[in-house]
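What follows is a pair of complexes built around chain A, which joins chain B in one and chain C in the other.
After this line comes the complex of A and B, so read on.
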């Protein structure tokens, strides 16, 4: 090795073959007329615009991320505050609340689907109180959308919890003690001391989790199928797998990729040489 | 009084969060009839391995298990073989470091489906689509795991003290010897953590597996199909198989997860 930089070449070559090439090819597919093969053509995007399922997927994809992120950030913060305190057996409790994220995603979703099935555990509990069984996940049911939001937030809250727990542990104790000596109560100490100190971690969590929520795929697909609560990812999968339409699938993928890159601008900007 | 209330709340949340794990195991080891009974039973009745036998009878369960393990292991090899030399290289060049950082953030940001569709079409021509050993899936998984693998490996390699390497060099060790006998052994805990994390991500990965392995499936798409076709017992048997390495790795890595490997790698 005469030049140490050469050792990075295999990685660069790999990214060229398996990242750059498919990315360029995706754009090519998305702008090719599926009928005649003419390039460039807006035909695949016209097909999307004329498909009501695409617009449902687009709307869901816009609505889901803010709701999921709001729930998991509030939940993760509450859990971190609860388990940062001096509770008995807190090691066990901290491990237990990681379980939803420690389970492989599909495993967690499969059990969540059965929990919410017509003859599932939730309806079983409700039946004990005399409530009629509800088809929570059935297509066209408003509860299906709510279920996707809640289950996705349930699965990902442990990540936010972990981020905030380590941020809480790193907070200077003196500031909090000073506020306590000055007579600030729990609520005031949280609002004026803890929360501002956690703000950078919260911002990072919202950005990262928001990006992941934008790419949401498995949760709506496993819980409700393609047409129950469609999102852009499951719509692209549906176009490719069930409709055999490479162009429309690639076009939907390009729309989602552009949204993701736009949402990631703060992240990419922070990385640029400063 | 207040502490009793807080402890009660914490225990309630913990029980709720452990419930999915309990239900997977219960459904996996009881007859499927029990999982479909009304009203649903929370406690196991008869314990049996029937779901595993039935699942193996309807689908290629053992080949799928082997494929999942093989793809994950091969993904670890590819990821580390690319990431470790790159991490050694960027240690000496701030410009290359920043450039690679930017590209890997982009890799992490792009949605799987946007790349899985063109990869599937390209792999059809390359003979990698639905490959029996999942070679195409390895290529896709390495893409998913590179940002994580690179950042963890880089962290470990940067933490090796320069003085130790310089001392070895002054004693007349060649660059290759320093690397083999000083740098890599000192970075080994981090590289081990990177390997385990990469294995876990590949083992759990669903989107690429669903699109690229249409009949030669690894475990996650198999579990999805059993779930979608209303077989909670068989699905839970597949889930139980998936759980074993997943939980072992999470338990081994838990201290470092808490130390912020996850948040750091996800920056």
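After this line comes the complex of A and C, so read on.
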């Protein structure tokens, strides 16, 4: 074996033991009858199909990522455009924007939970204006879904913001100056110059965050529990942890993996040079 | 290169030799409980000459670890602690105790708790017991509700401020069963009069439940109570230890017996059991440690220092005023129903409760629908 081949051996062994083997094991578990141990069997998938919570998780997993990513792209772009300019104290403002992402996820979500709890800070502020308390995170309320979308977007918008801010800094000034000399206003310069030049970075941000958002887990779980706004990963965790159904958990994981692959194909196709 | 290999082999040999006097114990103790338990075990280390490695883990992880070691045919864990709920699932992965080796010990333990640990022989010994009681806010209520009608009256007077652990998990079953039993129900079927009476009560309580009840588990319901959103809920004794540490108990938050139903009071047996895995490398040492930990002196010390309820009948509970309600429930503790399909039964109770409490289903219809998949609803 060549020297580079030998050097790659530890990595290959690591991937085999800690990635390939658990993945194969999980797939096998997903196709094993939990009662009799027969393989292959679709029993775990039949159990999922008969569980209304699974279908809610599936629907939420299809709805949440586009909404979250759309908010992040719009918010991240707006913040990047605003803070790329020569604002006073812009370094402080940039730091403030990054704080939610810099905080450990559980800490950030615990803060959000205290903010949105029935006797939380938000309802406390609203009470000051004479507004009745709202059960923001109560299961079955549209506010719980909206809260998950907003909090998750709030937490991860800094990623999109950082990507776009660095892309804006790298844009060639000459093109914009030429457009300005030709009489293009702010809106036209943004629509016809800045945005097209940012398109590759925007596409990369959407690809990165789109795939990541499919695996959304902690935000709905910490804010609303499994039953509030279920998603496939929190549903799999529920089956594994609360119900002790390893097979159903693995089957839900397989469904999520298939969903990720299906979503990645068109996103990657758009990114290809062809 | 040869020197490196020799060093590696020597290190491995040293590690292997060093392990012969070391026993590994996987326990589901809280981080705050570990130092006290560690101190207790270190006394046994001094007398036995063995070293004990305590591995704090969740019950689910411990169960999966011994199942994996049983499947592999060899093991590293000598003694485990398991939740009473997971005993049936874990039975095949642990070895039965030899009754002769436990002479004098089992007689001192709560017979119902010992019975719950007997699955094809005595495989699990109760390590610490636990059961649910009512936790109530003394700054809002003058006294805790004593009967079901008191409970309903409190709920009506304070809408949105009573809670159940309503997430779809075993904790919900532990909230449901005491009511079924206190109405005279058996708990192992969903279609008896007791079950119907309990679910009629749940239907009456439903409009007044805290809006997050559908997702509450032990930690989240305890957190809501600490924030002042709830004035009462059912929980385990450990919650009072947390409240005491936060300065909330026994002043503001207190414990009380569960409300009395038409057939009296009842609560569900929880707690943790110890067992020796099938492939434990040092089963004799593990047995000696079990005998020592379940001895009267150690159990009294654990009760005093950690507030644990001992399975020994000759060890009284700690005189902690925060735990008064739990102590008062001791005579009303019942083990969960013994059914081979207990997991399915538990899930049926959870589904029926959630249908009634959160989806407005009529009690009888919800019970019938949930019990449908349970081999005709009867064992």
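As a working rule, the second predicted complex is superposed on the first by the 263 of 274 C-alpha atoms of A that agree within 3 Å, B and C clash if a C-alpha of one lies under 4 Å from a C-alpha of the other, contacts with A are read in each partner's own complex, and residues count from 1 in each chain.
Following the convention adopted for this analysis, a residue touches a chain if its C-beta (ideal position, glycine included) is under 8 Å from a C-beta of that chain, and two chains touch if they have at least 3 such contacts.
Every value quoted in this text rests on a predicted model; they were computed, and no experiment measured them.
Chemist: If chain A is used to align the two complexes, do chain B and chain C fit next to each other or clash?
Modeler: These partners clash in the superposed model.
Chemist: Regarding the shared-chain residue A:22, is it in contact with chain B (first), chain C (second), both, or neither?
Modeler: The first partner, chain B, only.
Chemist: Examine A:138 and indicate which partner it touches, taking first as chain B and second as chain C; both and neither are also allowed.
Modeler: After superposing on A, A:138 lies in contact with chain C but is clear of chain B.
Chemist: Pick one for A:119: touches chain B only (first), chain C only (second), both, or neither.
Modeler: Touch partners of A:119: chain B and chain C.
Chemist: Examine A:69 and indicate which partner it touches, taking first as chain B and second as chain C; both and neither are also allowed.
Modeler: Neither chain B nor chain C is touched by A:69.
Chemist: Under the stated touch criterion, which partner chain does A:242 make contact with: chain B (first), chain C (second), both, or neither?
Modeler: Second partner only, chain C.
Chemist: By residue count, is chain A touched more by chain B or by chain C?
Modeler: So, of the two partners, B touches more residues of chain A.
Chemist: Please work out whether A:163 is in contact with chain B alone, chain C alone, both, or neither, and reply first, second, both or neither.
Modeler: first
Chemist: First (chain B), second (chain C), both or neither: which does A:225 touch?
Modeler: It touches chain B and chain C both.
Chemist: Could you give the residue numbers on chain A that contact chain B in one complex and chain C in the other?
Modeler: In chain A, positions 117, 119, 225, 240-241 sit in both the chain B and chain C interfaces.
Chemist: Which residues of chain A touch chain C once you look at their complex with the stated criterion?
Modeler: The contact residues of chain A facing chain C are 53, 117-119, 135, 137-141, 224-228, 238, 240-244.
Chemist: Provide the residue numbers of chain A that touch chain B in the complex, in ascending order.
Modeler: 1, 4-8, 10-11, 14-15, 18-19, 21-23, 25-26, 29, 79, 82-83, 85, 87-88, 90, 92-100, 102-115, 117, 119-121, 123-124, 127-128, 158-159, 162-163, 165-166, 204, 208, 211, 214-215, 217-218, 221-222, 225, 232-233, 236-237, 240-241, 246, 249-250, 252-254, 256-257, 260-261, 264, 267-268, 271-273
Chemist: Flag every residue of chain B that touches chain A in the complex, lowest number first.
Modeler: 3, 6-7, 9-11, 13-15, 17-18, 20-21, 23-24, 27, 35-40, 42, 81-83, 85-86, 88-90, 92-93, 96, 98, 100-103, 105-107, 109-115, 117-122, 139-140, 142-143, 146, 150, 175, 203-204, 206-207, 210-211, 220, 223-224, 226-228, 232, 235-236, 239, 242-243, 246-247, 250, 254, 257-260, 262-263, 266-267
Chemist: If we count contacts the way the header does, which residues on chain C are in touch with chain A in the complex?
Modeler: Its residues touching chain A are 60, 86, 89, 160, 167-170, 210-212, 214-217, 220, 224, 227-229, 343, 347, 358.
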